[in-house]
C-alpha cells in the first residue's frame, strides 16, 4: 500500500497544483515530496531485509485482463533502494527550483511530481506492460521540463531526447512481447506479463533467441543508460535541461537503463549475456575512456558533467556484465551513488548558473574566493565523483572494477585464484576501465581548477542576483547537506546497502551458474609454463 | 427474410433517418432545419443501441462481428456528426439570419449533406452484415459514393473540387479492380456467398490446392480494397483528398472507408481461412505475401511521407495510411484463441481506437479557422481551416482545451503508453509475434518510432511554442461541437484505457467466428526459424 | 494468368459443346477489356472518357461474372451483373454531376488541370 | 600502568582469530588489539571535523591550530602507549565493517574489508614518526600560517588533520582497501594543501598534477589489490600473510623453484610497485613532487618529505613477502630506486630554488629507500625513512622559515649570510644539522642509514647490483654537494638578500635565468636595509622551538643505530617481527645470483653488519659481493665518508666562503662564483639541461598530454560529427525515403492512376513470383 501511496500522492498533488493558485504550487510540491520522503522512510523500515530478494509490499489489481495485464506493484531491496533514491531527490529538485523557475510554475511543479510517480512506478512495477508504460511515461514530463524550462537550444535537445529513447524502447517492447509470447506458448497459451513468471520461461529460450531478445532489450536500455555509441542525446539534454531536470536525469532516469538491464536483460537472456558480454564490456570501456577524454576539452561545465555521466555509467554497465556478485552489486551501488554525487554536481552547477547565467568555464571561475561554501561542496562532490575512497563513488567503482577483474576464466589450480569467478571479461577490461579513473581525475580536477581555484572571473555585465546572496543561502546548503551526508555515509559504511542487495544480486548471478564456459588452463596466464618435475614439489610445498 | 431483417434494424433506422433528414433539410424554418444534425446523431445512437440489442439475431459469416462493428461505427459516427454540423450551410444560415438572403430550398444542401453521410454510414454497417460478395459490393459502393459528393460539397474552395475529382475517379478505378477480383473469386469457388466460398475453399484446400482463379481473385480484390483503406499501392489519393476536403469530411474519410475496407478484408480472409500454409496457421501463402508486402510498404510509405508534411491534414492523411499498415499486420496474424493472440480482434479494437483518436485530431484541426472570412474565386465566403502546422503553435496557451486535446490525440496516435493508441498497438505486437511474423512486427516497431518524429511536432508546437503571427491568425470556430468532439476524443484516449478490457473482450468476441488456425500453439522451438 | 485458367479448365469437367467458345475465351475477353479500360483510364485526359474507361472495366468484370455464371449454370453471376449495372449507373450520374461542376469551374475537362494538391 | 588502564577500556569490536597453521605462514596468530587504538586515527579525524566546524562558525583565531596540535599530540601519545604495550604479537582492531559481500561459503567467496587496524611493529614504527612529526609541524605551521588566520587557516588545518587521519589509515589499515583508502586520502589532502594558495595558477596546476600522476600509480595499486584478491581470495592482511598459499610460494622460492609460482602471483608485486612509485615519486612518476612545493612549507615538510611520500616504502615493506615471490620484482625496484636517486640528484644540483632542491633531494633519498628495500636491506631502507623524515622535515622547515622571513624568497642567488643575521641563528644551526645528515657526514643519522643501503648494494647479488652500488655512491657525493651548495650560498657569506614577490607562497620560480643573469642579480642585491623598506622578520617561538626540537631529534636519531645492535639497530628490532623482516641469502645455496631466499623467524640467521667481526663468514660466500675486493660492510663507512667529504669540499670550493676555517665569516668571492661558472661551462649544455629537469616534464607533455589532448579533440569531433552524425543520419533515412516517394505524389490524376495500376501489377507479379 505504501508503494501505491508513493505513486499516487505526487499525482494527486500534481492535480492540486493545477487547480490551485500559482503561488502555492511550490509549497504543494514541496509538501508532496517531503511526505513522500517520509513514506519512503516508512517503507524502508517496514521492508523485511532478511528476505531482501523476495518481492514485498505486493499490490495486485486487475487492470486489462483481456491482455493479461495487472496493476502489479512490489519491491525487492534493489527496487526499494532506487525508489528511496528517487523520493530523496524529489524535494531536492523541488526546493532547488524555487528561484530558478520563474514562468509557468504550475506546469513545472506538476510535471515534476508526475515524473516522480512515473519513476517510482518503473522501479515498483512487477508487470511488464506497467513497467513499460512507466518507463516510457517518464519521457513526457522530462520532455516538457526540458522544452519549456531549458536554455537556448532546449527544443532540439528535448526532441532528440524523446525520439532517441522512444525509438530504442519501441524495439525493446517488441523484445518484451516476444518473451511474453514465448511464455504463453510454453504455458499453454496463457498470456501474462508478470515479471517473475516471464523470467523463468525466458531462460528456456534457445541461445539465438536470447541473443535477439538481448539486442532488443539493449536497444531500449542502452540508449537510456546511455552506453557508447548511443549516448549523444545525453550531453545535449543535460546541457539544455533545467537544473532539476538534470538532477533527475542524472540521478534517476539514467538508472532506468541500468535497472532495466539488471532486471530484464540479465535474468531473461543469460546465455546471450554470456556470449555478448565482451562486446558490451568493450562498449562500456570505450565509453568510459572516450567520454572521459571528451570531458577534458569541454568548456561548458554542464556538458562536462554530462559526458562524465556517460563515462561513469560505463562502469555501471561493466559491472553488470561481469555477472558476478561483486560486479553486479557494485553496479547497483553505482546506480545509487551516482545519483548522489552527479545529481549534486548538477545541482551545484545550477546554483552557480542562477548567479552568473553562464555555464562556460571561460567566463566564470575562481569562485573559491567569492563562494567558499559553494566551492567546498563542489570539491567534496567532485571528489565523490572521482571515486575517492571513503566517499560513495569509490565503493561502487572499485566493486565494478573488481567484479570485472574477477570475471574471467580463472581456473583454480592448487588452490590458486580462490577469489576469481567465471566470467568473460577479465583483467584487461578492468585495466582499460581503470584508466577511466585517471581520466576522471583529469577532467574533474581541471574543472575544479577552473571553477573553484584560480583567479576570480565573472561574465561581463554580471550583477548580483536580486534574491540570492553571493554565496549559497541556507536553503541551498540545506539541499546539499543530505546529498553530502549520503555520499559520506555510503562511502564509509556501505555495509547496510551491500547486505540489502546481496540476496537479490546473488539470485541474479545464480542464473549464470554453469553457463560460463570453463576455459582450458592457459599456460602463461595462470601458471608459468614449464610444469614437469617442479610441479610435484610445488604441490608438496603447498601443504 | 424477416430473420434477415431482424439483424438489419440499425441499417433500417439509419435509412429512415436519411429520408427524414432529406426532407427536414428543406424546411423553411431554421429551427427545423437545424435538427438535421441532431436527427442524424440520434439515429446513429439508436442504430448503435439496436446493433447491440439485435446481437443475437446476427447472421452471416462472422455474426459476432456485427454488434461490435456497428456499435463502434455508431459511436464514431456520432462524433463525426457533431463535426459535420455546419460544414456546408454556415454562411448560408448566417446570411439568412442577417436577412441578406432568403432561404432557397433549391440551393440548400444541408439535408443532402447529412443524408449522404447517413447513407455512407448505412453502407458501412451493411458491410459488416454482408454475407455475400454482391452485398459486400453494394455496401462498399453505398459507403463510397456519398463520400465523393460530400468531398465535393464540403468546401467552396477549388481544392475541394480537385479532391473530389481525384477521389471519385480513382475510387471508381479501385472499385473496378475489386469488382474484378470478386468476379474471379466467384469464378474460382462457384458461389458469391461467403459461407459457401468458405466451404468451397476448405474443400479445395483439403484436396490439395486452392483454385488459382479464386486466389487470384482474392488477391486482386484485396488490392482493390486497398483503395478503401488507403494502403499501398492504392494510397496515392489519400493526402490530396484529405487536404482538399473540409476537415470534418476528412475525419470521416479516415474512418468510414477504412472501416469498410477492413471489415471487407476480414470477411474475405475469413472466407479463405487462416488455416493454410505449412503449419496450417496462416492465410494461403499468396494472400499472405500480398498482405505482407502491402502492410510493410504501407507502414513505411505512410510514415516517411507524413514526416515531410507541413500541412497537418496531409500529415494525418499519410499517418492514416501508416495506420492501415499497422492494422494489416493484425489481419495477417489472423484470429487466435485469446485476445492477445488474435490479430483480427486487435484490428477491430484498433479500428475503435483509431476512430476516436483520429477523429479527435481532425476535430481540433476543424475547430480552428481563420479569423477573417475570405472570398473564394467563385465569390463564396469561407473561413479557411487551420492546415499549416504553424497554426498550432502555442495552442495550449491561448486555447488549452483544444491544445491539450491535440496533444493527447497525437500522443495516442503515436502509440504512447497510457493512451488508447498504445493499448491498440500492443495487441498488434502480441498477435504478430504469436503468428510468427516477427520481421513484420519489427517493421511495425520501427515505424512506430518513425511516427514519433512527426507526431511529436503536434505535441511540441501546441505545448511549447509561443503563438506567433501565423497562429494568431486563427481562432476557434463558433461551432462548439467540434471542441466537444476534441475533448471527448481526448478524454476517450485516456479514459478508455481503464475500460480497455471490456472493449477488448468485445473485440475478441467479434473476431471469435473467424476460422481458427488448425494448430494454434505449436512448440516454440520451431518458430525460431524466423528469428534466426 | 492464362496458365492458371488453362489449369482450371483442365480440372473442370465441362460440356463438349463449349469446346468451340470456352470459358477461357470469355475470360480472355474480360481481361482484355479490363486492361483496355485501365490503359484508357491512365492515358486519356478527358474526364468523361476516363469515366467511360472505368465503365469498361466494370463491364469487363460483368462479362467475367456472366461467363462464370454460365459456367456454373446458375444465375448468381447475372444477378451480380444487374447490381453492377445499377451501381455503374449511379456512378455515371455522380460522374456527370461532378464533371458539370468541374467544367463550370475551369471550363475544361482535362484531368491534369487539377493538380494543386500534391506532395 | 596507564596502558593497563587503557587495555581495560571497552573495546569497540574485536577481530580475533587464529591463523592457520602451515609450514610457515608469516603470521602464526593474531590477537585483538584494545579498542582505544582506534583513537589514533580517529583523533585526527575528530580534529578535522572540528576544524570544519570552526570554518562554519567563522573562527578568526588560532583555535584550529590548537585543536589540531592537541589531537595530534594525543594521537602520538596513544601511539607511543601502543608501542610500549606491544607484545610482539600482531594485533587487529576493527572499527566497523566496511565492505561485506558474500556469494558463497567457500574461501574467496566473500569480499570483506573492515575499517580495521593492524598493529604490528612496522605500522607502529611508521605511526610513531608520522604522529610525532605531524604534531611538531602543526606547531610550526600554527605560526607559519598565521597570516591566513580567519581565512585559509581553518582550511589548512582541516586538510592537515585529515592528512594525518588518512596516513593513519594507510599505515594502520588491516586490509588492502583500507590501504587504498589512506592512499587516496593522503592524495586528496596533498591535493588540497598543494593547492592551498589557490589563486596562484602554478599552485592549482601543481595540485592537479600531483593528484593525476598519483592516480596513475593508484591504478597500479588497484590492479594489485584485485590480483591479490583473485589470487589469494582475501583482502585482509591477517589472512593473506597467514595463508598457506603464500607460505607455499615462499617455500618454493626457498627451494629454488621460483618458476613454480603462478605468474599471476608474480604480477602482484609489479602492480603494487607501480602504486608505490606514484606515491613515493619514483621514476617515471616522480614529476609531481617538485611541483608540489607550491604548497605551504609545513606541508612540504610533513607530506612531501617526511611521511606521505614514504607510503610507497611502507607498501613494499608491508608486502615484502609478496615481493619475494617474484624473481624480478625487487630488482626492478632496486634499479628504479637507484636510477631515480641519481636522476633527481643531477637535477637537484642545478636548481636555484632551495625548496625545489630539497624536493629533488627527497625524490633522490626516496630512491635510496627503495633501493635499500630492494637490495634486501629492509632495515636499511626503513631506517633511512626514519632518519630522512627527521632531517628532511628539518631542512624544509628551515627553508620555510627563510621563505617566511624573506617574503617568499627562495632563490639561493638572492639570499646570503643568514648565519650572521640577528634572529636567524636557530634556523642556521637547524639547517646545518639537516645538511650534515643529508650529506652523510660521519656519525650523523643520515650517515648510518645511507651507509647500510650502500653497503648492501655491494653485498647483494643481483642483475647489475654492483652498478647500482656505484650509482648510489656517486649520488651520495652529489647529495653532499647540492646540500652544502644551499648551505654555503644561503647561510654563509656576506649578508645580502632580496625579498620575494610579496607574501608567503608566491615564491619566485624564475628558472629562466641562466647563471650569468643570476650573477648580475647578485650585483644588484640589496646590501643596505636603509635603501629598502623591506625587513626580514626572523622566526619566533613556535618555529624556533620546533626547529630546535627537530634538530635534536635528527641528531639523536643516529643513536637508534646503536640500540639493539644485534638487530642492526632499533629499526631492525622493530622489523624482525613484521612482514618486512630481514631476508637473507642462504649461503649453502647452489644458485649464485638471487636464489635461495628465505625468511627467518627473527633472531635465527640474522646478519649484522654493524659488527665487523661477523663478516669473516661472508667472505666465504660466493654469493657475497665485494667492494673493490674489500668487504663492503667494513669499508663503506670510510668510503661514504670520503665521498661525502669530496662533495662538501667541492661545494665549499665552488660556493663556500674564502677560508672556510675562519668560521663562516668570510666573504663569498667573485672568484668562487666564476670558478663555478667555469666548471659548469666545461660540462657543456648538461647543467642547463639539468636545470630544466632534463626536459622530462616537456617530454611527458609531448609524449602523453599533448597526444591525449589532441585525441580528446579528435574524439570530441568524432562525437559531434561521426557518432551524433550517424544518429542524425539514421534520423534522416526516413526523410530520404520520403523524398524518394514524394515525386509519386505529383498531384496529377493520371500519375496516380498509373502508379496505382502499376503498383497493382507489380504486387501481383511479385506475389506470383514469391508465392506462386
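We call the chains A, B, C and D, going by the order they appear; numbering starts again at 1 in every chain.
Assume contacts are C-beta pairs under 8 Å (C-beta built on N, C-alpha and C of every residue); 3 or more make two chains touch, one makes a residue touch a chain.
Bear in mind that the values here come from a model prediction, so they are computed numbers and not experimental data.
Note on interfaces A-D and C-D: more C-beta pairs are in contact across A-D.
When every chain is represented by the mean of its C-alpha atoms, the one lying closest to the mean of all protein C-alpha atoms is A. Centroids of chain A and chain D (each the mean of its C-alpha atoms) stand 37 Å apart.
Chain C and chain D, compared by their mean Cα positions, are separated by 97 Å.
Note: centroid distance chain A to chain B, computed from Cα atoms, is 44 Å. Between chain A and chain C the centroid-to-centroid distance comes to 66 Å (mean Cα coordinates, whole Å). Counting partner chains per residue, chain C shows two or more touched chains at residues 38, 41, 50, 111, 114-119. Multi-chain contact residues of chain B (touching two or more other chains): 165-166, 169, 173, 177, 239-240, 308, 453. Within chain A, the positions touching two or more other chains are listed as 163.
Pairs of chains meeting the touch criterion: A-B, A-D, B-C, B-D, C-D.
Residues 1, 4-5, 7-8, 11, 27, 30, 34, 37-38, 41, 47, 50-51, 54, 57-58, 60-62, 64-65, 67-68, 71-72, 76-77, 79-80, 83-84, 87, 90-91, 94-95, 97-98, 101-102, 105, 111, 114-119 of chain C touch chain B in their complex. Within the complex formed with chain D, the chain B residues making contact are 165-166, 169-170, 173-174, 177, 219-220, 223, 227, 232-234, 236-237, 239-240, 285-286, 288-290, 293-294, 300-301, 303-305, 307-308, 450, 453. Across the interface of their complex, chain A is touched by residues 337-341, 411, 416-418, 422-423, 426-427, 429-430, 433-434, 438, 441-442, 444-446, 448-449, 452-453, 456, 460, 463-464, 500-502, 504-505, 508, 520-525, 527-528, 531-532 of chain B. Within the complex formed with chain A, the residues of chain D that make contact are 22-23, 55, 96-103, 106-109, 111, 115, 177, 180-181, 183-185, 188, 191-192, 195, 198-199, 201, 203-205, 207-208, 211-212, 215-216, 218-219, 222-223, 225-227, 229-234, 244-245, 248-249, 251-252, 255, 257, 259-266, 708-709, 711-713, 715-716, 719, 723-724, 726-727, 731. Of all residues in chain A, those touching chain D in their complex are 163-164, 228-233, 290, 293-294, 296-298, 324-326, 329, 366, 368-369, 376, 379, 383, 388-390, 394-395, 398-399, 401-402, 405-406, 408, 410, 413, 415-420, 427, 430-431, 434-435, 437-438, 441-442, 445-446, 449, 452-455, 492-495, 498-499, 502, 506, 509, 524-528, 530, 534-535, 537-538, 541-543.
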